[in-house]
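Both complexes below contain chain A, partnered by chain B and then by chain C.
Coming up: the complex of A and B.
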């Protein structure tokens, strides 16, 4: 009975693949794997994509959601402990011709993401460095080689141009305006509460997002 | 049970059509499908991300009974989720526990391309333009038009019959008489819908029918 079913399934799948040969494979299965160094306590979803030729390292407690993409074609990627990378986010330089038509940009050798960074969905991260506890909201674009400080908030749909340095405690909001988050700077209690909230989110995500580390090792 | 196999044999349809008339793009990125309800005749277009797996974790109540509501996204009838959208339920810390809250989207809602939706609820006859961001726990009432590239901040409640736009979103007007009225189809056709037989905020049945 079981055999029959599996046979039938095989027949039907081969049938569909011949019908739609060009679109048959999912994007997460037909890309080359990147060399990785993953902490056994990291959560990397089955449908996340890690591709490229340089090393991608992911530290303990980090959650990478399904359909997030990490690309190490041009530079290595190092994701610190306790980060959250949401779906549809892209970390790494993917298409140089768009950002860098003349080729005069200094490309980062490594994309370094600090501790407890929250990267929301749809974000494109080409920055050289993101400091700890920084929140990168939905659809943000961090240009190639930019450096984002610690405890920053980059709000939705903002753009950081290539090579820019964003100091610690900066909030980028509205139409790419900037201000310093002085209350966060002067009151460490707020930071404490924020990091506790982040920890809670990590705990919940670790229960909700099934990990498939073996696929990427 | 013969229906799914019949659907599989359909000649290179880009959409999977369910018994209730929902059309879901074959390669839409859906996780946690058991927690998602589509009301019927709803369209999920290409490259949409639905995060049904982010649901409320079952908690043990004081009387020992387990609440097992693992429902996360419900979308009503005749709604259209356009290409590249991300729909994920919002979460917050409540009583010391971080919980994901179920999200409810009503009937005849159009969500424009590449929008990100984390609202608590969206009522019926809402039109959302392209590249919008609806941040966690925003609420959208009936008959609302959200202009393209709007960012609706977290916890904002948009009252019914309003037009919002901007970063962050502000109420910039009212939709006025005849919002979504079928009689105004020809007039609205001239006003940007390209002469198609559907109106923003109106009955999207025609639009749903035209997608295949």
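Coming up: the complex of A and C.
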């Protein structure tokens, strides 16, 4: 309760718009609309879904596609600047019983997504943390409480088990094979090229995805 | 084996002939006639080990229109139509393949880690800031600077092994130069193409002197394999050429009959034998020194390798697959892996082994997947399908091929000794109506004897005419009447079929298909089937032991077709297709098929 009060305070002090979290709940969805702290430069599509009871904060420049779901029922979600959350991606602990039948898993209090993280469509993110510049490809599942380092690449359909820590510059590919991205580690120019590409992608998306921030504030 | 019942396998006639005789070209048409008589005596046993190699689903078979026989993958010869790179889709002439090897010599490379296609990227530092017309300006100028190969999947890049390119084209020569420069190579693989001459000898001598210097080094330098290969290649070539001078029997690259070596060989074979055994050629010896391509294993390098494994660990060690893909043998670590030029692929045409007729031939253009010639068995042989009569789904009469739901266990499990009716549908792909005669041994071969009765062994199947003809005519009346009869007879399928399945009558008929009823009384399994265990060896004398899949009911069925067709331009089948009129000729064909009905319940 105490936590929720603090969240309510955060929401009210964010000062972007009036707080109408409880009144705007649609009758068709019985899940509560999450308290949010959104940067005015963030882009959140009209058909994105932000539900839960904890705070969802989205930083500047981040693009959230239609039909992406961010769920803060069990933990807060903090999305850093310049991230892309594609359609059908789910961020947040959705159902606790699935991953953790015994309940002995340490669940994150906050899901923290760093700067310039690209989360592709269909991905389920239950990780505690994703480091900056990491690419999470299509249909990846990041288990509850896992920690993904910076500059990682998780290729399509990979699964990171709950609670696992993936070090910086790791590439998960193929049949859950892992390797260190030495070229990225040793050649900073590649990182520059990659972030430039990400920047361009963001630039395009910001023009293409119509934003409806007011709906979620 | 997880089979989906019911299935139909077609037996290729190649099961009869143990080997294809070289003179079979003439005898092929005549073979068909005795084939029929033979078959009536000894029936086809689908369980014989030999049958295994000639039974195929109809989709896998081709049909030779000259021999009028089914052709399975065993009785075809394949020819390469063209070589192409699967990545850049460029056709490579076969002469280039012969000289340069079966790898793409353009810019196609595969990742040595995960085998996906590498892409060429620029290492140029991106310009700062993002202007509105940035994209336009970027498109105008191609990125410059050094280039590298990078894997879009596992993020490997050629930078990890320290390879950068100056230009984004002609990578193969650049890479070769880099590798050669890296390891102070003197020769390269391309030297192989150059004719062997005096200067080559000199070069080898020069190399040998370098080699002696290298030998003193504790570890053989990386990339040694190419020199070794060149040396070994030249050494063996020199030996072979010496040998072929001395001995006309030797292997030589020149196989043509007109070549001098062949002529001397023939003269020796058929000559008066005037030349006695003269000096025996000296035997081919192994390479003995570095200049001849010998490689001495270095115990020091082994120790180095072990130390290296200790330091780099599992991640730094190349896997077996990765090592096998590299064309060099002394690769053990991830940082020694080099990008692999993409392997070329081929398009192949298929010929009948007996009459050399082309059975399938793809278009030689790489980017099309169409065929110029494709003689499918599916278009020339009636399709036989079977399904249980009891589990008859409510289906449209126009879709007789619709089988019962595959994998439904009740349909494919047979009760022993209970007669069951099956519907055998024969669909005619030909444009002439055919007369079909079916035959089957009264009991199935194998240790479980099942009784099989074809209620109507002789019937006609209509021609494969235009679909619209049938749709517009009232041909479906009959079958719909049958359907309504069945519906009125009641839901109990068993009693219904007892009433309706009459001997000698066709069950149902459509435009180009006819269904008949086959009665099957599955044999009883030996009692001990449930009790046969691994340790129980004593059952052998009682004959009660069942082999694997012995409880599967497979019916061998002999199908004979007779039809009249337009006398075509091909007279290959003239022997068994005697001419009736000027325009018509009578043809008959016959083959064995195997119907897998289901598994007999224990």
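The rule is simple: the second predicted complex is superposed on the first by the 186 of 217 C-alpha atoms of A that agree within 3 Å, B and C clash if a C-alpha of one lies under 4 Å from a C-alpha of the other, contacts with A are read in each partner's own complex, and residues count from 1 in each chain.
Operating definition for what follows: a contact is a pair of C-beta atoms (placed from the backbone, for glycine too) under 8 Å apart; a residue touches a chain by one contact, two chains touch by 3 or more.
Here the structure is a predicted model, which is why all the values come from computation and not from measurement.
When the shared chain is aligned, no partner comes close enough to touch A:41: not chain B, not chain C. Contacts of A:55 after superposition: neither chain B nor chain C is touched. When the shared chain is aligned, no partner comes close enough to touch A:206: not chain B, not chain C.
When the two complexes are overlaid on their common chain A, residue A:165 makes contact with neither chain B nor chain C.
Of the two partner chains placed around the shared chain by superposition, chain B and chain C are both touched by A:174.
Using the contact criterion defined above for the overlaid structures, shared-chain residue A:153 touches chain C, although it does not reach chain B. With both complexes superposed, B is the one of chain B and chain C in contact with more chain A residues. In the superposed model, A:73 lies in contact with neither chain B nor chain C. Residues common to the contacts of chain A with chain B and with chain C across the two structures: 155, 174, 200, 203. Those residues of chain C that touch chain A in the complex are listed here as 113-114, 121-123, 125-126, 130, 134-135, 148, 150, 153-157, 159-160, 315.
Every residue of chain A that touches chain B in the complex is listed here, in rising order: 12, 16, 19-20, 23, 26, 45, 47, 65-67, 86-88, 121-122, 138-139, 155-157, 174-175, 197, 200-201, 203-204, 207-209. Residues of chain B touching chain A in their complex: 5, 8, 11-12, 27, 29, 31, 49, 51, 53-55, 57, 86, 88, 91, 93, 97-100, 114, 116, 131, 133, 135, 149, 151, 167-168.
The part of chain A that touches chain C in the complex is made up of residues 153, 155, 171, 173-174, 177, 179-184, 186-187, 189-190, 192-193, 196, 199-200, 203.
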